[in-house]
Every structure is written in C-alpha cells, then in structure tokens.
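See structure below.
Naming follows writing order (A, B, C and D), and every chain is counted from residue 1.
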Amino acid sequence: MKRQDFDEIAERLRNWGRWGPEDQRGTLNHIGPEALKRAVSTVQSGKLFSLGLKFDKDGPQLGGPGGRFNPMLYALQVGTIINPKHPSARVSDDVIHMPLQCATQWDALGHVHYDGVLYNNCKACDVLSAKGAARLGVENLAMPGIMSRGILLDIARLKKVDALPLDYAISVDDLNAACRAQGVAPRKGDILLVRTGHIRRFTVDKDRVAFNGDQPGLHHACAEWAHEHSLAAMCADNVGVEIVNREFWEAEAPAPLHMLCIRDMGMPLGEMFDLECLAADCADDGRYEFLLSAPPLAVTNGFGSPVNPLVLK
Amino acid sequence: MKRQDFDEIAERLRNWGRWGPEDQRGTLNHIGPEALKRAVSTVQSGKLFSLGLKFDKDGPQLGGPGGRFNPMLYALQVGTIINPKHPSARVSDDVIHMPLQCATQWDALGHVHYDGVLYNNCKACDVLSAKGAARLGVENLAMPGIMSRGILLDIARLKKVDALPLDYAISVDDLNAACRAQGVAPRKGDILLVRTGHIRRFTVDKDRVAFNGDQPGLHHACAEWAHEHSLAAMCADNVGVEIVNREFWEAEAPAPLHMLCIRDMGMPLGEMFDLECLAADCADDGRYEFLLSAPPLAVTNGFGSPVNPLVLK
Amino acid sequence: MKRQDFDEIAERLRNWGRWGPEDQRGTLNHIGPEALKRAVSTVQSGKLFSLGLKFDKDGPQLGGPGGRFNPMLYALQVGTIINPKHPSARVSDDVIHMPLQCATQWDALGHVHYDGVLYNNCKACDVLSAKGAARLGVENLAMPGIMSRGILLDIARLKKVDALPLDYAISVDDLNAACRAQGVAPRKGDILLVRTGHIRRFTVDKDRVAFNGDQPGLHHACAEWAHEHSLAAMCADNVGVEIVNREFWEAEAPAPLHMLCIRDMGMPLGEMFDLECLAADCADDGRYEFLLSAPPLAVTNGFGSPVNPLVLK
Amino acid sequence: MKRQDFDEIAERLRNWGRWGPEDQRGTLNHIGPEALKRAVSTVQSGKLFSLGLKFDKDGPQLGGPGGRFNPMLYALQVGTIINPKHPSARVSDDVIHMPLQCATQWDALGHVHYDGVLYNNCKACDVLSAKGAARLGVENLAMPGIMSRGILLDIARLKKVDALPLDYAISVDDLNAACRAQGVAPRKGDILLVRTGHIRRFTVDKDRVAFNGDQPGLHHACAEWAHEHSLAAMCADNVGVEIVNREFWEAEAPAPLHMLCIRDMGMPLGEMFDLECLAADCADDGRYEFLLSAPPLAVTNGFGSPVNPLVLK
C-alpha cells in the first residue's frame, strides 16, 4: 500500500480524543454493561473452552537471535521443608522468563506506532523507553480486564479448508459472507474471533517455521469493517491477525492493520488464539456467539500480555 | 495442631481417586455446565471488576535472598523500525522475569505436599524436579480455565472492621454467619472469595512487611466446610488464604489448610485477590454472588500461575 | 562542585582522539608489552590472590525496586541422564540472571556520560538503547582483557583504621603519602588499587545498607593524579571508587570522578574489589606491586562486566 | 567403551582423598608458588591474548528447547538522569540472562557424575538440587582463581590442517608428537590447551550446527596422560574437550573423558577456548608455553562459569 492511501484510511478511523485526551483503553470503551449483559445472554449449553496455547519451551517461537523466544521455567525451590522439626511438609515454587508476546497474547496499545506518535497522540519519545510503555501499557487493558460477547467468523470453514492458503487475505466480503452463513451479526462492543486455521501448522503439523512465516490473515480493509461495527477488539488464530507477506514487511506502510487498529483506532489485537475446538462446537450447534473472557495480566508498562482466553457457550 | 489430629481430618477430606486415578484437576471437577449456567444467571447489573494486583517492581514481594521477588520487565526492542526503507513504522516488545506466585495467583496442585506424596497419590520423587511438576502442573487447571459462580464472604465487613486483626482465624461459624448476613448459600462448584481486608496493608498502607508477616485468614477447619459444600476453589485477599502465624510455620502439621485443600482435596487456592471494589459494590446492592472468570495461564509444569480474575455482576 | 569548575578539569583530562577517532579502549592503551613485562618482573613469592566477591543471592545488592539485585542461579538440569540405556552417567547445568554490575565488576566506557556525549565523542543518541551500548561496550575492554602491573595504595592502613570513616574523601596528598609510606611509585600503564576498608562493612559487618550508602572513596582530584601518571585503570574496595555522599548525588556535576575517568579520560573503573587478604600480605612483606589480571567477560554492548581479579605476587 | 574397561581406568586415576576428604579443588592443587613462578618465567614478548568468545545473542548455542541458549542482555536503565536538578549527567545499567556454560567456560567439579557419586565421594543426593551444587560448585575453583603455566599443543597444525576432521580422536601419541614437534614438555601444575581447529566451524564458517555436532577432541586415554604429568586442567577449542561422536553419547560409559577428569581426577575442563590467534603467534616464534590466567567467576553453587582467559607470552 502507498503511504498516501494508508493515510486516508487512517484519518477516517482515528479515534483519538473520542474517549477523552487521557484515554488509554481505546475501543474497549465500546464495552459497557449492556454489551456485557448481552454477552451473558448468549450462554446456553454451559460448555467452557480455553483458547490459550501452552506456555513452555515447546511453544511457537523460533527463538532466533535477539527475538522472541519460548518461555523458560525455573524452579526456585523443589520440595523445600517448611518446618525443619517436622520435615514431612514441603513446598515448591518457580520462576518464569518469557516474552510477553510469545504465545496466545494481547497486543497493548503501546506495541506499535508510526510517525513518532502512538494512540491518542502520545509521543513515542515521551512514552517509550527500556522500562516499557509509560503510557498505553497493557495494565490499562487489564483494569478492568477484557470480557464481552465474542463472535466467531470461521473463514476456513466458509472456504471449506482446514487452513487458508498462506497467501490468503481475508476480505470484508469474506467477513460479511461468514456472518450470513453462520447467522451472526456484529454489534457494538463485540470481540471478533477470526479463524484462518493457520494455527494447525503449529499445533498439528508442528511446523514452527511455517507458522511464523507468510500466513493468511485479515486484509487491512477489515479495520474499517471493525470500525463501522464498533467492535471492541479483534483476535485470530495466526501470529499477526492480519495477513503476513512481503507487502506486510516491505510496504511504505508496513503492518497496516496493526497500525490502523492499535495506533489509530486504539483497538487491542489478540494473537495465536487456538480456535479449533470452539469452531468445531460452533459448527455443531450452529451458534457462533458466546461469552468471551480474556483478561490480560496487569503488567505495568507492558507492550502485551499472555492470556488464557475462556469462552462460555 | 498435632499431626494425629491433622491426619484424621485429612483422611475425611481426601478426594484421591474420586475423579479417576489420572485426575489432575481435583475439585474443579465440581464445575460443570449446570454450575456455569447458574453462574451466568447471577449477572444483573453488567458491572465488571478486576481482582488482580499489578505485576511490576512495586509489587507485594519483599524480595529477600532466594525467595520470591517482584516482576522484572525488560524491553526486547523499543521503537524498532519494521521496514528500513520507510522508517516511520515501529514496534516494541518486552520480556518478563517473575515468580509464578508473586502477586494475584493460583496455587497449582503440585505446589505443596507431605509424606512424599502429592494429590491423587502422585509420588514427589516421580513428579517434582528442577523442571517443575511433571504432573499436577498449573496447565491442568488452565485447560479449560477456571470459571464458575463466585460468592463473596466479607468477613471484615461482618466484623465491622477495615481489616481483620493480624491474629484472627476465620472460623466455620464466621463463614456461616456471613452467609446468613449477606444472603448467599454455597453450592456445588462455587468458588469462595473470602475478604479479610488484609490486602489493604499493602495497597493502602504500602506496608509490604506487614502484608507478608503474620496475617488473618481461614482456620483449617474451613477446609471441611469447603468439602461439605463441594466448593471448586477458595480465594482470599491475603497472602496465604489461611491464617499465617507461628502455628502455621512451626506446627507438627504446618500450613494445614494448604495441605488439606491442595494435597488431600485437590482444591486450588487463589491468593492476593484484591476484593476491595467488589466488596463495596456487594455491600451497596446486597448481592454477594456473581460470575467469576479467573483463568490461569497454561504454564506447563508450573507450580502456580499469575491471574487477573474478572467478576461480572 | 560547580559545573564550571568541573568543566575546567574535564578539559585538561580529556583523552578524546588521543588513540584515534575510533578508539574504544581509552587508557587501557597505556598498557603495552613493556608494562606487561614490568608487571611480570614484580612476581617474587608466587602467592596468588582472588579479589572477587562471590556471586550469589547473598551478595552486596539491596535489591530495591527497579535497581540492581543479587544474582539468581537456576538449574537447567540436575543430574540428567546422558544415555537412557545406561542411566548411571549424569550431567547438571545452570543459568544465571544478574546485573552486570552487582558485585566485583568493571564499569565499561559506555556506563556514564554527560551533555549527551560519551567518551571519544560518541553521541548518546547514536550509541545507547535498550540493546545496550552499540559502541564503548565492555567487550572492547575484554579483547584483549585487562592485565598489567597493579599497585596497592592502602589508605586505611596509612590512616591506621580498619575502614575509613564514611565521609572520608581520599586526597591526592593521601595517594602521594601512601606511595612514600609503602615504597611504590606509579608508572605508565599501572592499575591502581585503592583500599578504603569499606568493603568490610559488607564482608565482615554484613551491613548491606551501610555498604551501599554514603562511603569513603577518592576525591575527584585523584582523576588528575591518574592522568598525570598515565594509569590504565583505577579500582577500589568500595561501591563507587570515588567518595559517595550528598555532593556525589546532588552537585551540579554529580559523580564527578566517574565522569572525568570514564567519559573524559576513557578510564575503566573497577568496583567492589576485595583487597583485605592482599593488603595483609603487602603489609607483611612490604611489597605493594604485583601482577594483576582482571579480564572482563566480552559481553557485547554491556555497560559493565563481573570479574574475578587475580593478583600474583 | 565397556563399563568394565572404563572402571579399570577410573580406579587408576581417582584422586579422591588425595588432598583431604573436604577437598573441592582437585587437580588445581597441583598449582603452587613454584608452578606460578615458572609460569611467569616463560613471559618474553609481553604480548597479550584473550581466548574468550563474545557473550551475546550470536553466540555458539543452538538454543533448542530446554537446553543451553545464547546470552540475553537487557537494559535496566539507559541514560537515566542522576540529579534531576542538573539532568546532564546520565548512567546506564544492564542485566544478563545466560547459561553458565554457553560460550568460553569452565566446567565445575559438580558438573558431571556417575553411580550417584561426584568427585571426592560427594553423594549426588546430598549435593545436587535446583539450587545448584551445594559442594563442588565453581566458586571453589575461583578462590583463588585459575592461573598457571599454559602449554599449547596444536594438533591441527601438527596434522597440517585448519581443523581436524569431525571424527578425529586425538591420541596420547598425538600429544607426545606435538610436545616433541613444538618443543614443550608438560610439568606438574600446567594447564594444557589443545587446538583442534574445530572452533573455526563457528567463528569462521558461522556453522553452529556443525560446531555443536560430532567433533574432534581428546580420546579418553588422554586423561591418563594428564594424570601422569600432574596437569592442573585441560582446555580445548571445541565444545567438549573430548571427541564427541555416537560413542560419546551411547556408550555404556558415556562422556568418558569428562567423567574421568571431572569426577574421578577432580580436573576442571575448559571449553570453547578460542586458540586461533595464540596458535599463530606460537607457530611464529616457536614458543608454546606462556602465562595463562583464566579466573572463573565465584558463582556460588554454579556448575560452571563463563571466562575470558588471558595469555601473556
């Protein structure tokens, strides 16, 4: 995309000031008591799903030099005696060393920016440092955390494939077609879950390289769709929510959906959500809406947070 | 407590084998579709609360030699250029180094044991190592994660104090009195939240030493109450759920509630849940039941997990 | 000190360009084959001393929020079987998490700066980032590492105390008096070890708070003395080599010796060198010169390095 | 090798009790004042060499799941203002997270064992835990640190190759031939440096996979040679000092040289020493002896230590 074309879209979608000059929660402001009560009203079967990957050394990261790596777990104590006089009782503790964005996770609003400015007109030079994001850190998305009605648009199923091809850009038409086919309509405050099937390249094929390479995802025009429908957040089962290809990296406006959502709209993106079991159940009962609870940890100044998203149908 | 007295209680409460010889989820098995639908039916106002502390260097840990410490956040990259030809677009990433049990958190079933055996007859020597808990790790509590009806028993309010005295042991009578006063009855699969007010010694008084020292909490007899009512989990706003005093450390059977719940019953304990805002709202509207969603991260082999618990009323 | 007074001294001592515009080793350039052969020629008794503190959780750091902390050692594997068919043979491995400057250590030339410029006219904005010091990192002091003649000036012994008072600033006169009393003369390329006795407040008194507070050390005028004598480096047994007091923190030109040595002269400072055993031996045999070998680790971009300095007499 | 054959050798070489029942320094006891004075007497040219690799994300580790990885450097503070009233003066600090054995390093005597017993009859169950090696930790090799006469046996040069073939086992005959060809004789307390050229596969070819795979090194019979000559330590420019091949991993007695040296003789092994520049200089002047100073850090309970070995010729 040309930078000029990008800028025109960005201007239309920009939510800066919409929720006040100090706002750090962006489109999460779309979620209010009504949205939450509507979310709860979708629950019928009482079935509970976790959409989170495991956090361990066998995670999805390639671990190349200097980049994200898989979690490292260290024991602080293993079977330490509590009372030396009666040594039967023991306690064990541990420590984790991990990138905040190494598996299923939320991007905080401080995660990306362009032109030296972040969401809501925060200057990068004032806000970003080795200590993290002094504003727009993930703690702002955590207090209170993220809960709303979730809707699943299963694009892989719509296209009758296990996983979309690596170069497939999901269009607005695809989203609308999935809404029709799956009988669900987006409403203000909803959280959109998009299934590409791409996560199977990691969870089923065990192919980390493929999982982290070029991949199917949302075309950046979907940011406009999210804006029109006043969505609170968008999540997907790939690494970057949006399509990742040469254009993603090398355009005049790289990572365009990230930039439009996070920096202009103030919309958190949820990545590597494992939607396989949920999607199978939705296909079964034909119901693609549910209660979604996906609270980030309140990591002060964090650029993201690991999460174990729960869905109750 | 004498070890013999402890053993008598432990035998009565022991759930080993109750959910099969391979079970690793313990009393979370009490939560089924009915409990979840009942949980959802409690929602009325659409108000959302986070019960999680912040995860940062100013957290509740004292950080003494060799023990738990507060989270350390490190930047992996700050404003790194995505496409060198068009250097406007930037990305930032970070890494966390933290104990899994340094602030609001769940104890996994592998966290404590006695007599060389963990919940469901797992041998410590087979299961525990520097790599963590090969069985009974917190990932078992995460897939699916923890959601149910929550009930708050506000013992501090019952006793008309901001925080219970440091040496106050909450009795079964206190729990029953709070149920009556607050108009709530425990049911199978519920998660009990107990408010002692002790967390104010950290959040309001900023006194980490007091917060980590002797403290009010549940008398171990409350484990029997939890067992009778088929609770799924118990959480509190202090460090250890149970009362922490000289007896806790130096008895023949130290940390008795931990041992009864985690090791014998297979019941996860939730610690350092910040109940202040929720309790004020419950006092306001007189409703002490709600939907609680508190998903641990699926940290493979972890002895615990940080959590940002959400309550929807 | 007034900034203007500081600037006058700084200008006199500044070595920028002296060893070329690309130099990153500063006064270590004073060490050449002749200095090294002279260093070797001082060896007589064959006695070997280590000047390094232990690196562990009981180290000298206070560990307050956000600052330096003591090393954390984690096992990667403990007694892991090498060949499952013959399980007798085992291997153990570990991981360390530590500030590069938490105990006995070298300050790299990138460690401090003022007016936005580091040693040899490196711009801070070009060189410093969350990835460390892209220039003037400690790897430049490590290849080759630091070896030369060392001379000990035992100021505590000169003043007939175990440790200098907390507010004692060591003057140029003190240095000269110690040279005379101890029969040693500084020469080009020497590494100066200054004994204040302050480390005893940690090693003997076990008082971390006193050790990290106000403390005796070199007056900043000693930088001029080091410059005149073409010393390669200066080390001491306190935390900051120079005197640490209110003036150190609150002057117009704070940490003046650090700034003059590291930023203007390009001289590495060695901190928390434990000189007690060495000093006793020097007092015994009346010989205050020796071979000093104190190689930093080549940590790329590091602001410092832990070190275990060896002295051979 | 058959276990029985191994045991016969091990019994001959075992130094347990030789330096007392509490000894934790093993063959470093061979280094005394005479050896150190002899070491110093070899210095002629005053040329200084560092044998250490850099410690950074581009290091030799492959970083596979659960194993050793390359160092991670994090900034604690970058250009932090010292005195807010005069914000010119700044300080920067960092933290490292690294395995103790990820690049140039010493193996501590606690690193390997067999039959449940470590060097000097220490029981593994008493000594090894998630907290490291309660005895035989690397701090024992650090106080005082390792300095002695070093001798280089350049086997690659002897064989007229840049690097020995991947399956080449260096024999005792090779060591003796190199001694003759290079005009050097091992003496009590010496530290042997063996050049295979293998490190070039990492430093020149940039091939981490080849570097960490099967590789040339010492045949285990060389442990007997080291024992006869009362060497203090052995180091090489490969990963494991000894030959690494299928036999190394899958024999009845795997890693035989490690076991004989570390566990039976109490001899530290130095790994990934970069000998290229030193070897070129030795070939130049025909002198293969020098002063070697390679002090481990005193990491309490550590299974190893990074090191930057210095050679002065």
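By definition in this document, a contact is a pair of C-beta atoms (placed from the backbone, for glycine too) under 8 Å apart; a residue touches a chain by one contact, two chains touch by 3 or more.
Since the model is a prediction, treat every value here as computed from it, not as a measurement.
In summary, the chains found to touch both chain A and chain D are B, C.
Taken over every residue number at the interface, the positions common to chain C and chain D amount to over half, indicating a same-residue contact. With centres defined as mean CA coordinates, chain D is found 47 Å away from chain B. With each centre defined as the average position of its C-alpha atoms, the distance from chain C to chain D rounds to 26 Å. Residue positions 58, 66, 74-76, 78, 95, 97, 129-131 of chain B each touch two or more of the other chains.
Taken in their complex, chain B has these residues touching chain D: 66, 72, 74-75, 95, 97, 129-131.
Residues of chain A that touch chain B in their complex: 3, 31-37, 40, 43, 45-50, 52-56, 58, 66-68, 71, 73-76, 78-79, 82-83, 85-86, 88-101, 110-116, 124, 128-133, 139, 142-145, 147, 249-255, 259, 291, 293, 295-304, 306-310, 312. For chain D in complex with chain A, the touching residues are 57-58, 63, 65-66, 69-70, 74-78, 97, 129-131.
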